[in-house]
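Each chain carries a letter (A, B, C and D) given by its place in the written order, and its residues are counted from 1.
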Amino acid sequence: MSGLHEECGILGLYSNSSGALAETVYYGLYALQHRGQEGCGIAVCDEGVITAHKDTGLVGEVFDHRTLSEMPQGNMAVGHVRYSTTGGNERRNCQPIVVNHQKGRMALAHNGNLSNAAALRSELELSGAIFHTTSDTEIIAYTITKQRLRCSSIEQAVLQTMDIIEGAYSLIVMSPTKLIAVRDPFGFRPLCFGKMPEDGGYVVASESCALTAIGAEFVRDIEPGEMLIFSSEGIRSERSHCGTKPRRTCIFEYIYFARPDSVIDGVSVHDSRLKAGRILAEECPADADIVIGVPDSGLDAALGFSQASGIPYGIGLIKNKYIARTFISPGQSSRTDKVRIKLAAVASTVKDKRVVLVDDSIVRGTTGGRIVSLLREAGAKEIHFRVSAPPFLHPCYYGTDIDSEDGLIASHHTPAETAAIMGADSLGYLPVGRLDELNCGMGCCRSCFTGDYPTAIQRNAVKDRYEMKIPKK
Amino acid sequence: MSGLHEECGILGLYSNSSGALAETVYYGLYALQHRGQEGCGIAVCDEGVITAHKDTGLVGEVFDHRTLSEMPQGNMAVGHVRYSTTGGNERRNCQPIVVNHQKGRMALAHNGNLSNAAALRSELELSGAIFHTTSDTEIIAYTITKQRLRCSSIEQAVLQTMDIIEGAYSLIVMSPTKLIAVRDPFGFRPLCFGKMPEDGGYVVASESCALTAIGAEFVRDIEPGEMLIFSSEGIRSERSHCGTKPRRTCIFEYIYFARPDSVIDGVSVHDSRLKAGRILAEECPADADIVIGVPDSGLDAALGFSQASGIPYGIGLIKNKYIARTFISPGQSSRTDKVRIKLAAVASTVKDKRVVLVDDSIVRGTTGGRIVSLLREAGAKEIHFRVSAPPFLHPCYYGTDIDSEDGLIASHHTPAETAAIMGADSLGYLPVGRLDELNCGMGCCRSCFTGDYPTAIQRNAVKDRYEMKIPKK
Amino acid sequence: MSGLHEECGILGLYSNSSGALAETVYYGLYALQHRGQEGCGIAVCDEGVITAHKDTGLVGEVFDHRTLSEMPQGNMAVGHVRYSTTGGNERRNCQPIVVNHQKGRMALAHNGNLSNAAALRSELELSGAIFHTTSDTEIIAYTITKQRLRCSSIEQAVLQTMDIIEGAYSLIVMSPTKLIAVRDPFGFRPLCFGKMPEDGGYVVASESCALTAIGAEFVRDIEPGEMLIFSSEGIRSERSHCGTKPRRTCIFEYIYFARPDSVIDGVSVHDSRLKAGRILAEECPADADIVIGVPDSGLDAALGFSQASGIPYGIGLIKNKYIARTFISPGQSSRTDKVRIKLAAVASTVKDKRVVLVDDSIVRGTTGGRIVSLLREAGAKEIHFRVSAPPFLHPCYYGTDIDSEDGLIASHHTPAETAAIMGADSLGYLPVGRLDELNCGMGCCRSCFTGDYPTAIQRNAVKDRYEMKIPKK
Amino acid sequence: MSGLHEECGILGLYSNSSGALAETVYYGLYALQHRGQEGCGIAVCDEGVITAHKDTGLVGEVFDHRTLSEMPQGNMAVGHVRYSTTGGNERRNCQPIVVNHQKGRMALAHNGNLSNAAALRSELELSGAIFHTTSDTEIIAYTITKQRLRCSSIEQAVLQTMDIIEGAYSLIVMSPTKLIAVRDPFGFRPLCFGKMPEDGGYVVASESCALTAIGAEFVRDIEPGEMLIFSSEGIRSERSHCGTKPRRTCIFEYIYFARPDSVIDGVSVHDSRLKAGRILAEECPADADIVIGVPDSGLDAALGFSQASGIPYGIGLIKNKYIARTFISPGQSSRTDKVRIKLAAVASTVKDKRVVLVDDSIVRGTTGGRIVSLLREAGAKEIHFRVSAPPFLHPCYYGTDIDSEDGLIASHHTPAETAAIMGADSLGYLPVGRLDELNCGMGCCRSCFTGDYPTAIQRNAVKDRYEMKIPKK
C-alpha cells in the first residue's frame, strides 16, 4: 500500500459458439480490477461486427444490468481495466480501442508502456495520422493498421508490429475471425491462457486469478515474445520472437501488483511474498514481540517474516473496506487524515509490544509515517519497519506510475534517515541481490531499483507537447 | 413538424482578450438548439491549449454549473449542436472534434454533409488513417491535417481542403492563434458573423438568432465559397472559391430548419414563410372559415395564408412544451398516441368550422393524419390541408435526414390519394416553380423536390460497411 | 409570462378492471405539467395495496421506462404535479401523500391552499401529531385520518373534513376500494371528470385537457362543494356542501394558469382570453400598425385585440423551446440576460412599426421591461403595452405564488409610471369591473386585484416557525 | 461472512462552538459503515435549526463534495448508517428522523429493534398518528413527542419514553440545545462516548472505532439504562434506569458485527474473537496442517485457533475488494457463481493440505458449501470447518436480520449432516456454555442460540399489515 499503480489488466475470450460472452468478461474483469480502477471496457465480436462499451469508473459502475444486457451475443470478446495517471475526464483513453478500418476491423486491449512511444507517434503523425488519445495503445493500433495495408493477414501485421514497438506490452487483438494474444519479448507484464471447460473455448488474461474466477482451467503462461492465435482452426503458437531478449518480468508484479492467488510464470505470487518476508527476516532481523502486515499487500510478507523469525504473527491493522474513488479528502483538521480513515490499529495486538511492521514498498514515505503514528497512538513500544522490496530509486518506463525521482524518499535519504522521518525505530529493505529468488531465478526487471533499463528510453513528451501554452508575443 | 431533421448548428468566438467564452458559447448554443438536439460540445482555446467538453444530450443537460465552470478562460471558443441519425450511444460522434497533431492543434465544428465522403474516407484509410467516428467531420479533419503537412499555414491547408471535399459544409476551424470560418461554394448551409459590442471581438454562427441571443451585432452573411480568418491581425476574407459555383442554399432552411427570427442571406425566415403562406393561398385556395397552423413551424405560413386569403387566422392547435427526448412512447392503447400528447386541438376555434390547416411539410403522412383526426374529434367540419413546401420526393445528400425515398408518402401517392389517406378534405402543396420567391430569387437547392443534384452523388456506404456481418462459411 | 405560478395539478383514475394505470396517469400528467414543474408522483392501488413513486423533477425526469414498468398494475391510480415555492431538496413535499393507517390506507393529491392551515396544524400538533412536510396536504391527511377514527366510511371522514378545512382545495382521495374527488365550496380551483371509452372507467383531472390527452370523454365539471365517489357500485354524488358558498373560481385560471384548450366550468379558456383581448381593445385602444402577443399565454388575448381593433395580428416574439429548469442564469454581462435567451423579437414583424404588445399580467415589471427593450432593438417605433388582467395589487392565499405586496409593481406605481419604468409608450390594464365577462358571469375570485378575500385569512407561519433560529443567550 | 446483518450505526457530536461538523460526522460514518450499507444520513443543528440530508446508498455515494458543502455549520450533529431488510426504494426509512414539532424540534438516530413495536404503533395510530415509515424509530419519535407535550424538558420526555418502549435501542436525540444519548437497560447494542481533543466537544458513537477514526479520545461506554445529556452546561448522566435489567449485550457484536479494532464494554472485539478461536481449538480440535480464516470476520478466530492448537496459520482465501452493492448476480452458468467472484482460494497455501477453515457463523450453509468447493478445487485434502459461534437456531428480535427459523440450516440438521451437506470432513461449533468467556463474563444475549428471550416478544406485524391485499369479493 504505497502509491504505486499498475497500468491495466486485459482479458480475451474465444468460443466456438455464440453466447453472452460480455457477461463472462464482466466477471473476469472483477478479478482483474486491482490492476486498474479508473476505467474499463468490453468489446464483443458478433459475426465480425464489433460492439464496445467503455467508460471511466469501476467495472461495477460502468456495467449495470442495462449496459450488460445491451451488449450483443458473440463468439469472441475482449475486456480491459485501466489505471490512468492523468486524471480528469479521460473517457476517450478507455479501452478496448475499436478500429473500423476497411482493411480490417479490430479491437485492442493493452497492458504496458512502450519505451519508443514518442518517436513512433511523431513518425505516424508526420505521415498524416491523427491521434485521439494520449495512450500508447493507439500507437499500436496505428502501427498494426499500417502494417495491415501490406500484409495478407492480421497475425502477419501484428508480428511486424512487434519489430517496431519496444517496451512492455501484453496485448489482445480481436479481428472479425481471430483472437490474438501477444506478450513482448522481455515478458515485462504477465499473460496466461486457459480453457473453458464446458464449450471448449479459450480465455486469455493478465493473471490466472481471472481464469479461476470464471471457472476456466489454467493451461499455461504465454511466453515472452510468443503470439497465440485462436481461430476456428484451433490454437496456433507463433514463436519467432521468443528468446530474442532476456526475460525481464516486472518484479513488482510479484511484490505488489498481482493478486496473491495468481500464479505468474509458474511461481505463486503468495509464495513469492512469503519468501520476501522470510528473506527480510534473515537480512534485517528485529528483536520484537509481534509481526504485523499492512493490509492487504503486506500481509503475506509479514506472515513469511513471522515464520522465518519465530516472532508471532498478529492482526495489527484493519483496512476500511468502504473507501472508494468517491472518498472526499479530509479537510484542514489533522484529526481526520485519510490514512486514519483507511487504516485502524488494533490496540490489543500492539499495545506495549515491540512491533515488526511489514509493507510492500515505500514511495514517498508519508503513508508509512502516518501508519507508524497510528501504531504509536495504539500503544506500540517499538516499531521496526520492514519493506518487502528494495529501495525505489528510479522512474519506471514500463507501466508503473512513477515517472520521476522527485518524490521518491529513498532517492534522497538513507534508510536511517527515512526511519527517522517516519518515526520508526528501524527500517530494513529487501536486498536487490536476492530479488531473483522471488521468481525462482527466472530473471526480472529491477530497473526501478538499479536505474539500469533493458531498452533504450525516450521520455514520453506527448502529453507535455499537447498541453504546452503558446507564449504571447 | 414533420420528420425532417437538420444536422447541426455551429458557433465560434474570437476575442482580443481572455474571458469566460464558454459561457457565451453556452448561451449561443441555446439559440441554435433547434438545429440539433442529440449532442453538443464546446472547445475553448487558452493560449494555444484547446480544452473541450462534449456529450450526447441537450445543451442544458451536457453543461451544468460544474462542467461550465471547469472550462478554462480563453480568447477563442467553438460550439456545436448535433442531430444524429444513428441513435444509440454516439458520444464519440459529438463535436467539436479536437486534433492534437504536432504540426498543428485545432478544433473543428461542421454543419453539412459531404457528397464525396465515401471515396475520401476510403482513400485516407488506404494511406493508414484510422477513423474513430462515422461522421464527415473527421474526414475533413484528416484532410486538413494531411494538407497541413505540406502547407505553411492553417488557412492554406483549409483552402486546399476546399478543393478536395465536395458537398455541403459550413465549417469553423480554431487553431491555436486563429479562428477560421468557411462556407462551401454552393452555400448549402447558412453562416454569418457579427461583432461583440463591448470588446471588439467577433462571433460566427449558423444563424443570426444566435448573434442576437448573445447581444452581438450582425455584420453580414459569409458568402458561398468565402473563408474568413480572425486573428490578432484582425479579419481577413479569402475569396478565391467565391463564385465558382451557383448559389444553392437549402430551401428547407427557410421552410423549416431555421428559426423565424433569423435572417439568412438577407432574407428574413419569418417573411419567407409568410410569403410561402401567401403563395399557397393563391395557388391552392380553399373555401373556409378559419386558417390555423401546426405549431411551431407552420404558424408563420398560416398567418400568410390568412393575410392573402382574407380568411381569419385562429389558434387551433396547442403544442405541449414538456415533451422531451425522455418521453416514453405510448403503449398499445390507441387512446394514448404520441401526437395526442404533443398536440391538442382548441375545440372552440375549430368546432363546426371549415378549417385550412397549414404545415411546413409532409414526410410520411402519419403525423398529418393524426392531426386531422384530432381536429375532427374537436368538431372541425372540413379540413383543407396546405403544405408550405412542394412534395418531398427524393433523398437529400446535403444534411437533411432523409436518405431514401422509401417512406416518402409523396413519392408513392398523388395529393388526392394522400389527402384521402390522412383523412383531409383537400391537400395542396407549394409549387416548385415558385420556390425561388422564398429567398428573393437568389437560387436554392431544390433537389429533394426534383431529384436534380448540384454535385455528383456517392451513396455513403461507410456505416453499412462497418455494420455488415461476416457470413458464416 | 410573468412570475405567477400555480400550485399543482391532480388526476385520478378508476377502472373496473386491473391494468397498467400508471402509464395512463403518466400521459395525463404530461398534459397537466404546466400547472407544476417542480415535482410529481403517481400512486397505484392494487387490491388495496398502494404503491407510490414521486420525486422532484418533471414528469419525464421522474418517470422513465424502469420506474414506470416497476409500478404495479391496479384498478385505481392518482397522479400529481407540483409547483414548490421553497426550492431546495423538497422531495418529501411531493405528492400523492400515502397514509398507511390501520383504520384506513389512502393516497391523497391536492391542489390549492388552506386559509386556516396554521391553526389546524397547531391544533393537530398539540394532540401529538408529527408533520413530515410543510404542505397543507398533510394537514388534510391528518384531519381525514382523525375523522376516520370516528366514522364508518372514508367518504364520511372526508365530508367532515370539509367542515374543518377552509380555503382552496380540489382533492382526490384514493382508499383501498374507492376513489373520491372533492372541490371546495367556493370552487377556487377547477376539477372535472370524464369517462374512459373502452373500459367504462372514469378519470378526474384538474383540467379537461388531460382528459383529451388520454382519450377520455369529458362528462362535466365537479361542482363547488361537490364530492364524487367512484367505486364498484358506480358513481355517487354527495352534494351537501354544494351551494353553501358563492362561486369564486380563481380568475387567473382563465387568464394564465390553465391551458387554452381546456374548458373550465363550461367556458373555453381560449375564448376567455380572446374575450379579454377584445375588452382590452375597447377599453385601452391604441393607434398602431400591428398587434403581437408574448408567447405562449399572451397570444390568445393578442389575437382578440387584433380582431376587435382591426389592427393586423403579427408574430413578433419567438420563445426558445429548450429553456428548462437546468438553465444556468447568465453571468455578469448584460448582453446575456435570461429574457434575451428565452425570447427573441422578429425584426421583420416589428421594424418601424407602432406595436401593441399584449401580455397576460405584469408582476414585478422586470420581464416586461426587458421585452420592451428587445422590441426597441428590433426597430419597433412605438410600443403600447396591454395587459389582459387588472393590476395585481394584493397577495393571494389560495394557491398563487404571490405571498406579499412587496414586489408588485402595480402596488407602488400608476400605469403611467409603470409604462415609463418599462420603457413603453403606453400601458393599459383590463378593468376589474369587466372580469366577470371572462367566465360568463358565473362569479370569480378577484381578491388579488381588490384585497377583498372570500375567507378569513391567517398568514401561514408554519415555515417561518421551523426556520427561526434560537437566539444565543 | 454469513448472511447476518446488523441494523445500524449511530454517531452524535456536541461542540461548544459552531463548525463544519457534518464533515466530521462523514468521516465517522465511514468507520461505522460495516454496521449498515443500505442508507445513511446526517443532521446538523445550527442555532436550533436542524438541517438533514439522507438517502439510500453508502456514505461515499450519498455524500459528495456538493451535498457535504451544502450542509450548514453548527454546534451539534447526528449521523446514521442503516441496514434495511426490505430492499427497494426505502429512502423514507433513512435516518436521522427530523421532527419539526411546535413543542420541540429534534433529530433522532436509532440502532436496535423494539420488541413491543406493534402494540405501540397500533395505540399511536388509534390516537390519530400517521406513520410515514415502517421503522421503529418513528414509533420512538412519536412517543417522545407525546411525552414532550406533558414534560418540561426533552430529557424528561426521553426518560418517560424509556418506560414505554421495550427491546434493543441505542439512541441519539438532538434537540435545539441538547444532545442526548441513551442505551436501553439490557444494553443490547453498544454505545460509547469520547472527547474531541481540540475543542472540548464530545462524540457519541456505536463503536469506539469511530472515535479513533475522527481523532477523539475514548472516555467510556454508556452503561445499560444510562442517559447522557450534553449541553452548554456540560455533561450530565441520568442513571435512574441503570441496573433495572440484567446486562444482555448481543454476543454477535463480538462475534461478527463490530470491527475488530473496537472495544465494547471494556472488551476488545479482536481479543474476543481470538478467544473464540482458542476455545474452538480446545473444544473441537482437528488433526490438520494449516488453519485459514474466511475473510474478513473469520481471520481473528482462525489466528486464535492456530495459536491454541499449534497448527500453522495461513492465508488461504482472498476477498475481492471491489464487489459492491451494484454487483450483478451471475447468470445461469455454474462457472460464475457469486462466491467464486467474491472469494478466491490460494492454492499454494492449501494444496495437498489438511485444512482447518474458520468462519464466524453458518446461517443457510450455502456460502460455506461454496467455500469448501473452492478449497477442494485448489487441492485441499481435508477440510475441517470450525465456526466461532454456536449453531444459529432461533430468530432474533433485537436487530439482527434473521426473523424466522425457516432458512437456518442448524435448526434442521445436526453438525454431521451440515458438514456432509457442505462437503466438509468435519464441523465444529463454539459451545453455548462458553459464550460468556467472550465478553469476560459480563452477561450477553444468546437467545438466537437458546430461544430464551429477555423480553416479551410480539412478532412485528406492521409491514405485513400494510402489504396485505384486500380479497376480492
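Everything below uses one rule, namely that contacts are C-beta pairs under 8 Å (C-beta built on N, C-alpha and C of every residue); 3 or more make two chains touch, one makes a residue touch a chain.
Only a predicted model underlies this, so the values are computations on that prediction, with no experimental measurement involved.
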item: Joint neighbours of chain C and chain B, given as chain labels; value: none
item: Most remote chain, CA-based centroid, reference being chain A; value: C
item: Centre distance in Å when chain A and chain D are each reduced to the mean of their C-alpha atoms; value: 36
item: Approximate Å spacing (C-alpha centroids) for the pair chain B, chain D; value: 60
item: Chain C and chain D, separation of their C-alpha mean positions in angstrom; value: 48
item: Contacts with two or more other chains, residues of chain D listed in rising order; value: none
item: Chain A contact footprint on chain D (complex, rising order); value: 20, 23-24, 26-27, 30-31, 33-34, 37, 58-61, 63-65, 68, 196-198, 209, 212-216, 259-261, 263, 268, 270-271, 296, 299-300, 303, 307, 312-315, 318, 320-324, 326-328, 330-331, 333-336, 340-341, 344-349
item: Chain D to chain C touching residues, read off their complex; value: 46-49, 53, 89, 91-92, 99-103, 105, 122, 124-132, 141-142, 145-146, 149, 176-177, 465-472
